[in-house]
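Please find one structure pasted underneath; my questions will follow.
Order as written gives the chain letters A, B, C and D; numbering starts at 1 within each chain.
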Amino acid sequence: MLDQVLFYFFAGLAVLSAILVVTRRNVVQSAIFLATALLATAGIFLTLHAEFLFIVQIILYTGGITVLYVFVIMLVNLDVALHQVQFNRQWLVALLLTLVLGAQVVIALSLSRGSLYTQAPAPVQTLEPNTEQVAWSLFHTYMLPFELASILLLVAMIGAVVMSKKRV
Amino acid sequence: MPSGANVETTVLGADEIILNMGPQHPSTHGVLRVKLRLDGEKVVGSECVIGYLHRGVEKIAEHRTYQQFAPYVDRMDYVAAVSNGLGYCEAVEKLLGVEAPPRARVIRTLLTELQRIASHVFWLGTHALDIGALTPLFYCLREREEILKIFEKYCGARLTTHAFRIGGLQYEAYDELEKDVERFCNDFGRRIDEYESLLTENRIWVGRTKGIGILNAADAIAMGVTGPVLRASGVEWDIRKAMPYAAYDQFDFSIPTRKNGDTYDRYLVRMEEMRQSLWICQQAIEKIPPGPIMGKVGKVLKPPPGEVYHSVEAPKGELGYYIVSDGTTQPYRVRIRPPSLINLEALDQMVRGHLVADVVAIIGTLDIVLGEVDR
Amino acid sequence: MNVHAIIEALAPYLLPLLFALVIVAVLPLVAGYIVLVERKVMADMQVRLGPMRVGPHGLLQPIADAVKLLIKEDIIPESADKFIFWGAPLISVTAAMLALSAVPIGPFFQIADLNIGLLFILGVSALGIFGIVLGGWASNSHYSLLGALRSAAQLVSYETSAGMAVVGALLFAGTLSTRGIVQAQSDHGVWFIFAAPIGFFIYLVASIAETNRAPFDMPEAESELVAGYMTEYSGFRWALYFLAEYTNMIVVSSIATTLFLGGWLRPFSGAPLFNFLDGLPPLLMLGIAGYCFYRAPKQPVKVQKMFMAAVGLLCGALALVLAAPLVAPADSIVASAKPGLHGAFWFLLKVSAYLYVFMWLRFTFPRYRFDQLMRLGWQFLLPLAIANVMGIGVGLALHRALGWGLVPSFLLTTVLTLGVAAWLLFVGEQHEPGRVGEEGETAGNA
Amino acid sequence: MANDSEEKQLPVPPQAEKPAAAGTPSPSEAAGKPTVPAAPAKPPAAAPPKPPAPPPAPKEGPVPLDNDLVKRYRARFGEAIREAWVDRKQAILVVAPELLLEISMYTRDEEKFGLLTDQTAVDFPKREKRFDLVLNLYSFAKNERLRIKALVGDGEQVPSVQGVWPTANWLEREVYDMFGIVFGGHPNLKRLLLPEEWQGFPLRKDYDILQQDEAWVRENLGIESGQ
């Protein structure tokens, strides 16, 4: 029961703050709600006993990326953004598209209902600590793709540094 | 009231902002206000706004007799009141054409040099505090306290001493003056090494001061900078040697100079100056001559018409008095040449290209006292 | 579902909840007394007495300060973003307290032993930066904004180094659980500070920088930015920031203690020869109690005498509590409390020592300038931390795969890492720009 | 202590006695240069009544000067060097304000007076040109001081020497602030010490010590008067 309460709490929080992210006019407040949404998602991971995902979500998304957002936002002149009309006239079209997309998702889900993996999760005690599991799959099973991805990121990083250096 | 209320938030260009430092800011040593134009944290220009402490000392002087005005000068550079008093008394003596007796001159020199140490030591503490070293301040204040105690024993006042009178001294040296000064000299000689061990070789200190606020000799002279700031730029000039006054011609001391003219050099110059002052004090207590302490001046001072400019080497730089007399008991005009004001003028040149943190270090290294800047 | 079932379902939450309540209730007091100790230490180093007025030797000063802060006017600047200004300190203090929940104060006192414990502490305490950045932004003041920007840049920069230093120790332990890390040090028979001294040094520097303490207290450098991000705050909101700062200090000290200083382990816990050290905790408390009783009659006011005596009594009682398990029969309940009680004592002692180092450094060094701090972080500390991780990896490989002894393999890697440090210093010296502020690549200059 | 020293002071001969004793050499000097504006314009408005009506001839005072330095100046600038005298062993040149800039250049470059120690003014309201603009100079090369004066009338413009000695920037601002002397060619001539909106120039002799800019005080300090 407690698990359910927690799940609905986190889920509700996540959806609510996600809505607030796009509706708030103040960018900094949007950023705060973004952080809240991410934290709520992390909470859902925690109820699923995926501790590693939970903490990665916090460290990377909340502690890393959102902080950078806030950092950038603070350097921008907010007064300008506040006085601009943020919703343009195409919201009808957007609503239509959203409905279509939503319908697609619903149809896809209902069609593939039988093949969805819905059985009860294994009891917590039998799970291995999932940090180790993640490490095992990253550094053994998927070693090559992982390293390739790392190199790709490194290249992107160096590229960014070189480009910003040239500007100086 | 939160001090941020003083911050004007004028956004100029894409990234040039104006930061209003002061007049209520912990590191502007009083009520200096510096308007900084910043590019990020880099200073691209600055403007000093001063006058918050302006009391119209020069105007007051025209409405006081010569003796009455003497205590007022103590309130300009209140960190070095004795030096101010010496300059004023000697200027008036020059105007009158009298001279203080030898004994008075040596005692004056002794007290002025003690005052120089007190001023420098106070500077060292606050400068270190500006750069983030908390502890030296308290050690420095301890030493300053010893000097102030000597002043208190001598004339009853600690800060605004009014220790000298026109024509000599009012008070005879108290009995243990020599002993007190000797004890202080012995302690301080050891302790100044201790302070240097805290800072001189410290990597952070060197990193924060070396290459900061460079003023080369030509610029320094053009900007009229005097005192330790000038000497750190490589100009070996000290009024005590160039145009000896009081009893400086009787003492042996050297003028410390450095080449680079940065904050670190100014620090070293002042440290060395303290040692030299100590050396002068040690010589002075050995040879205080006997004799009267008051020259032949009357109760009513009426200098003959004319004018005089006399300057002394105050701890901050050249402190000059330009006095015009019309033959009455009141000065017709007293102009004070404040070293702090003129040294502060070089600030703009020194801070350009540095970071906000360096501005604090540079204000500190100029050793300004706002009471003297604004008068 | 009856009441019994509910109680049964909630039972595992009760003890942690109790601990959490204790921490939330006690922490402000502890933080207050850390401030008092800091002031006393500072005073001692600066040839003066420090607070002496409120209570004997100023012992009640923190309470007076707290009362003052509580009843102070709460000023919210007119042009501030009210909502964020109001909430920012809460974020900071919540994050700091949350991080404390995974810290094991002795083998029994811990709110939650997560198997990702250490990551949890690091990740959650990093959230406190939100409070600082948002508070600085919401104040709508230049000093606050600059302070917040510096703070954000500084935290992000030094977190990488701290993380790397932590990784070094984790390689030894092979677990992220805080309890498991201490256990590993017990099993290895050596605190990790001796195996990875450079890792400890890196963590020490990075943790000072992360908690914005001198000589890295850029964000609140009072001589430059007045009070940095806290400039516009007053009263209780300001106190919350202060609480967060001191809680963060406790958190980083706890991490350092857990990772490098053997957590709650007694010195030489593996050697029966040194069992006499078990007697140290009660004797120490007894000594403090004795000193209090000795000083009590010399207090000027009666209330102060009584207060001093009460402190003495408290310490005496603590001494008794600590001594009881030592003298009780080996199989009694009292004796079984020994690891918990003494563990807590040793842990807190180590945390205090670490905090003392924090204070000591603060009162000794001048402040770094922002760009120097960034250069130190990115060009010296981070490369060194990476070298340290690699060194430890090599050492472990030598030890485990090639069967070298623990001592020679880590002596070798430590020397190698020291060589890297020397080289980095040398290179840094060569490239140090004479005039600063000319290169614009430091993060804060963006 | 105080009593002691007063007693000690008592035997000191009073002021009046001294000039009489030392008065022989100077009356000719004081009378010898009636053209010197500083000396005759001395009786100021604010001075209290002087007890001994004719001040006896002073022991020290201005003496006309005609040494090598002055000769060089006269050779170079001719009539622009209005006067030269020495007072208390300090050399003073009175120059024409129009040529102040050229004379300053020459002083800095040829005579090596590199340091502008001080720049100020003195107000003699009863004179035709009421202000003395005073430049105190020092030469590192010669270890000598020199004072250059220029007589300036109310509302006249003086060339700014800020380009010669950069330090004059603030000093001229202060002079403007206190006396209202306008410097032509000054890049930033505004008040230095007083608020920019301040009315009046306090160091003029007709600005009484009790006078202040009450409008400013009322508006900015919220009080009726600062006195």
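A few points about this structure:
Just so it is clear, contacts are C-beta pairs under 8 Å (C-beta built on N, C-alpha and C of every residue); 3 or more make two chains touch, one makes a residue touch a chain.
Predicted, not measured: the structure shown is a model, and the values here were computed from it.
The chains that touch subunit C as well as subunit D are B.
Using CA-based centroids throughout, the chain positioned farthest away from subunit A is D.
Per-pair tallies of C-beta contacts place B-D first.
Between subunit B and subunit C the centroid-to-centroid distance comes to 44 Å (mean Cα coordinates, whole Å). With centres set at the average Cα position, the gap from subunit A to subunit D is 76 Å.
Centroids of subunit A and subunit C (each the mean of its C-alpha atoms) stand 31 Å apart.
Centre-to-centre spacing of subunit A and subunit B amounts to 62 Å, using the average Cα coordinate of each chain.
For subunit A, residues touching at least two other chains: there are none.
Counting only residues that touch two or more partner chains, subunit C has 440, 446. Contact topology of the protein chains: linear, an open path with no closing contact. Taken together, the chains touch in the following pairs: A-C, B-C, B-D. Touching subunit B in their complex are the following residues of subunit C: 42, 45-48, 75, 77, 139-144, 146, 214-215, 217, 221-226, 231-232, 234, 362-372, 434-438, 440, 444-446. Of all residues in subunit B, only 2-5, 7, 9, 17, 19-20, 25-27, 40-43, 128-135, 137-139, 142, 198-199, 202, 204-205, 207-208, 211-212, 214, 353-360 touch subunit C in the complex they form. Across the complex, subunit D meets subunit B through its residues 1-2, 4-5, 8-9, 12-19, 26, 30, 38-39, 42-44, 46-48, 50, 55, 58-62, 87-88, 90, 92, 114-118, 120, 122-123, 134, 136, 140, 143, 145, 147, 165-167, 169-171, 178, 191-195, 202-203, 205, 207, 209. Across the complex, subunit D is touched by residues 50-51, 54, 56, 58-60, 62-63, 94-95, 97, 170-172, 221-226, 235, 237, 242-243, 292, 294, 296-309, 311, 318, 320, 322, 324, 326-330, 332-333, 335, 337, 341-342, 345, 374-375 of subunit B. Those residues of subunit A that touch subunit C in the complex are listed here as 1-2, 26, 28-29, 32, 35, 51-52, 54-55, 58-59, 62-64, 66-67, 70-71, 74-75, 129, 131, 164-165, 168.
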